[in-house]
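Two complexes are shown next, each including chain A; its partner changes from chain B in the first to chain C in the second.
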Partner chain A sequence: MSNYNKREEATGWLFVIPYLAFTLIFFVVPFVWGVMLIFYKWNLISPVREFVGFGNLLEALQDRRVWAAAVVPFKIMSMFLPTVLVLSIGIAVLINSFKRMQGLLAVAFFLPYLASGVATALVVKGIVSYTSPVNSAISKVIGYVPDWLGNSFLAVLVISLMIAWRFSGYYALIFLSALQSIPNELYEAAQIDGAGRITSFLRITLPQLYPALYSVMILAVGMMFGIFTEPYMLTGGGPNLATHTWYLEIYYQAFSTMRAGYASSIALYNALAVFAFIGVVRKIMQSWGRALGWED
Partner chain B sequence: MLRNKSIFVLVVLVCLAMSSAVLAESATFWTAPNPSQEVFWHLMAEQFMIDNPGYNIKVMPMAEAPSSEATILTAIAGSTAPAASENIFIGFGAELVASQALVPLDTLDGWQELLASRNMEEAILSWAFPDGHYYILPIYSNPILYGWRTDILQDLGVDEIPRTYEEIIKVGNIAKDKGLFLMVRPALVKPNWWERWFDFFTLYNAINGDQPFIVGSEVVADDAAVLEVFHFYDQLAKQGLILTQDIPDAFPVGDSIWTELGPWTFPGWKEQYPEMVYGETFELTMPPVPEKFLEQATNKTFGDAKGLVLYAQSSQEELDAVWDFIRWVYSKPENDLVWFERTSLPPVRDDLASNTIFSGYLSNSPALVPYAEHMPLAIPPFTNGEFADIQTALGEEGLIPVVRGQKTPVQAWEDAKAAIEKILSR
Partner chain C sequence: MPKKVSNQKPKLTWVRFLRLLDKYGITALRYLLMTIGIFAASFPYLYMILQSLSPWREVNRRIVPSALTLRSYEWLLGGSSTTLARPWLRGFGNSLLVTGLSTTLMLLVAMLAGYALSRLRFRGRNVIYQVILFQMFYPAIILLVPTFLIVRHLGLYNSYAGMIIPKAVNLWAIFMYVSFFKSISPAMLEAARIDGASELQVLLRIAIPLSRAITAVIGLFLFMERWVELIWDLIVVQEYSMMTLNVMIATMSGPYASYPGPLYAASVILTVPIIIVFLIFSRYFTEGFKFVLK
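This part shows the complex of A and B:
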């Protein structure tokens, strides 16, 4: 290797080192540490660490709180995904239809994503409180005030809508850039063939949005397994563990009961669930993409 | 030449600065993430360092998110814990003690003198750990009392403040007929473990606070007392007297007439609800008991109490410095008065209600008088490292299903007890 190439290589490594160091310190070391913790009964600070083998992993499998945490993302997903997809695509189409001020509108819809989860939760708490104007109006129609956070179905609905509100602007930006990359000729050709607006949307826009949809689906599904702030602030995981998410359980075990090893074993199951489900979603999306004519 | 001289002078100055910092007895003290407590400790540290120039006490608030317990735990795990911190309740303290993370304060020089100078020789007794040592110096204790909207009671034609479960249910029904709730408490159906302090242990201690809930790894609670509490909530829920949905500030707004209250409430009311005047619009009482227990009830309450600890991982120099600071703070009752004035949290002293130093402040803040008077009747949380799981089980298996009408009180206590025993046997 010439001196020039060696210098080039060294320069390359120099550029990569910060990222490698970051990955090592913040991902690799904690991951290895977390896996090691699984085999111990330990609270992070005690000088005594009891080796329990697979005890934590087995105990987690029999824990109803863990099973509740495994089910809750799917319950939220069933309400969140349709809502956020309709909202974000709708927002993207709306912004795209404006000739001017697209940037300003995009920023306006993106703002909820930047809002603090805690602040948003407090606002939602006010909206669903017993004497809120919303509830007063509802009670005039149906005769009673719905127990938004005390009813299992409604509590999941409130949290799903809240997350959908936060993320729809963010996902809309992804859809907007995809919308803007669709060649106009496709719509013109469809118009000549007599396609109406709805047909154009269903036959051209949606299939052309596939790559963006793919990204959004992966992001959204991954996020479903990491929900914390909204249920922590609003329901504490209740009623009857109906909103008890993976992260609530991991936090509870690590910092309330101080069972770091057990929390790590739940975190491992959480990671496995995320990988497995994202794998399933990828397969489904890829087969849909192939049907639409997109290659893997 | 001039440049060399400048560098030399700079080096000498830096060395001098460093040596003075090293020579000073320095230590870090973490306060609760509460501005008024932070201000108090800053004031104390400044005054202490003026009186004792050889010390350097750094006061800083502990991070609040996600919780102060989590912050302390991670700090100890990362060897970045301060020399001392406040905001420790006895349950969390038990976990820290089991992990050998705390210094037994009674082994330090001047412990007895501190207890004597702060006049807390009686109050400290309930803070002993099973090994006989004291690891937490209690700073404040809030006996949880119940507030009644006496102005609304008068409008409802009720002249006497109810004292028993039966009287409360009767008054609750009168309020219900007028479209009011007896109590608004969304936390009654939330599984958060700390809520059980305020809705369960407050009432349990009133009936039989002398009977501990847990001793060692055994549930020794008074079954009859637990069942009475569960039955009371069962009746309140069944008769539609309590609301488990949220109404912001239901009690001061007048949507409910009865609520548990700690002294931390009043500074906020002063700003937001100046019409809430003790003795005019509301009164404070000890927790109620069932009629049949009126004679033998212990009439105690739950004490939301927290204290300070010294962390064993600190160097001896840091521990010495911070201990000197703490002893100085509690050597004068005037400092406890400053605390009381700034935070409204009653300092743990045997003489709080009788010492004339506090009487001026108490006469200007009459709502705090019942808290000072009832401090000896406040029972701190039980000492068990599994506190979170135990109280979560008490809620999830016991109280919450009762309030929701999903279990009978008997079934709920059987299930909760079994769940707690399982936790204790781990």
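This part shows the complex of A and C:
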């Protein structure tokens, strides 16, 4: 082992010690403990832990709340994904069409990503509150005030739009840097062939955005399974579990009903759901990418 | 001949009109969309500020208040005799303390580990790197309950350390520094080593100064994420005197939220530091962000 310099090796280990110590205490130990908890019934306090085998995992499969949590990401996704993709690609194209101040404009659209979900939720709560100016304008037209957070469909819509507002500027940055890497010759060639603006957007821009779209899709889809702040602040998971996300259920089971083992089992299902669905999205995106001629 | 010209005249203006529309209409549309977009992106911020300055009877009833008042801020900072009074100012201090220390630790650990994993050769390096990648993909939610148990076991429940230490390492930051330090030219580091600098000196005097832009962006992301952390801080601290401002607002705004004005004022106070930090570092933004997005 003479190709390792002794001093360099010692320094190397010294530099990673903080990370290693942290990983031991806050990754390895909870990793093992988390797996163990799944098989126990325990209320976080009592000295007695009862071994239940697969009891927790089986119980979760019959739990209405868990099934609601499993469905919610897809409900939110159905409204969030189209909105956020149109908005973020639109913003990117718009910013890219300006010759100057692109950095400043990008920063302006990035602002929503900086907001605390708690603060944004307060604003949304105010805007949808019964006496709000928005609602009084709406009631003049349709004759009544919609119960934004009390109606299953509208509550999901409000949360989806909130998340879309937060992420569209961020995703737009990813699309923007992809747009700027499209070689200009492609557009020139298309122009010579007589393609108009719309044709070249559909035939050149969109296919060239594929790699950016791929990463945005993975980011966005993964995020759908970890929503907490918005429903916690606005709906508490209601009405009738319509916005009851995975994280709300895990939080509720672990820290309200104090069922540590049960909460860990649900967390395991959550992880499996994310992995499975991201796998599906990957497959779809990859086959689409191959159709567009991207090799990966 | 002159007749022909006059015949063409309306045709010409029509074409010219289309050209002008093509030239300026699209431009006008672009500016219009941009204005709408920026307004929509900043609307919740504007709303928050306006409501926090609004007389209490108008909060959430008018978007632009009829008069401006600081009553919400006075109520918030002066404390009041109601049962809903909370140490808001202290909450702000708590947020600064927790976020500041946590972000600093995350950056330090990530710089050290990132440098070692990219620039120093030692046995086990590749294994450690693989472990980091595994950890990044391992769903953090499974660790939530056991991490809480460990923190309680270590006696850190309901303490500042309980909020800071479990958030002292960020895997994404390590990953970013590994790829950044890999991208800098080894010749510069080698030159310093030949001059007799220790690895720590090489890191401090060469590698870290070179990483300014990406440190700014990584730091910004870490700061921001830590500043708005909800679920962990909610679980680990029960006492008002130690709660972060974010948690304080979140726990106040439940069904008992009968003081929307002060809550908006608190949200403004919560939002200001993020914006300030963001503006300070925004000059590094374009350069650093390109790297982070890769």
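Please note the rule applied: the second predicted complex is superposed on the first by the 268 of 296 C-alpha atoms of A that agree within 3 Å, B and C clash if a C-alpha of one lies under 4 Å from a C-alpha of the other, contacts with A are read in each partner's own complex, and residues count from 1 in each chain.
Heads up, the rule we're going with is that a residue touches a chain if its C-beta (ideal position, glycine included) is under 8 Å from a C-beta of that chain, and two chains touch if they have at least 3 such contacts.
Quick caveat: nothing in here was measured; it's all calculated off a predicted structure.
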With both complexes overlaid on chain A, does A:237 touch chain B (first), chain C (second), both or neither? first
Partner chain in contact with A:47 - chain B first, chain C second, else both or neither: first
Regarding the shared-chain residue A:31, is it in contact with chain B (first), chain C (second), both, or neither? second
According to the stated criteria, A:149 is in contact with first (chain B), second (chain C), both, or neither; which is it? first
Applying the touch criterion given at the start, work out whether A:131 contacts chain B, chain C, both or neither, answering first, second, both or neither. both
Classify the contacts of A:219 with the two partner chains as first (chain B alone), second (chain C alone), both, or neither. neither
Can A:255 be said to touch chain B (first), chain C (second), both, or neither? both
Contacts for A:120 in the overlay, against chain B (first) and chain C (second): which applies, first, second, both or neither? second
Looking at A:190 after the superposition, I want to know if it touches chain B, chain C, both of them or none. Which is it: first, second, both, neither? neither
Between chain C and chain B, which one touches more residues of chain A when both complexes sit on the common chain A? C
Could you give the residue numbers on chain A that contact chain B in one complex and chain C in the other? 44, 125-126, 129, 131, 251, 254-255
What residues on chain A touch chain B, complex-wise? 43-47, 125-126, 128-131, 145, 147-150, 235-239, 241, 251-252, 254-258
Applying the document's contact rule, which stretches of chain C touch chain A when the two form their complex? 30, 33-34, 37-38, 40-42, 44-45, 47-48, 51, 59-63, 108-109, 112-113, 115-117, 120-125, 128, 131, 135, 138-139, 141-150, 166, 168-169, 174, 198-200, 224, 227-228, 230-231, 235, 246, 249-250, 253, 257, 260, 263-264, 267, 270-271, 274-275, 278, 282, 285-286, 289-290, 293
Applying the document's contact rule, which stretches of chain B touch chain A when the two form their complex? 66-67, 69-70, 73-74, 76-77, 95-96, 98-101, 184, 186, 189-193, 243-248, 255, 385-386, 388-389, 392, 396, 400, 404
Please output the residues of chain A touching chain C within their complex, sorted ascending. 1, 3-5, 8-13, 15-16, 18-20, 22-23, 25-27, 29-31, 33-34, 37, 44, 90-91, 94, 97-98, 103, 105-109, 111-127, 129, 131-133, 165, 169, 173-174, 177, 226, 228-229, 232-233, 246-247, 250-251, 254-255, 260, 263-264, 267-268, 270-271, 274
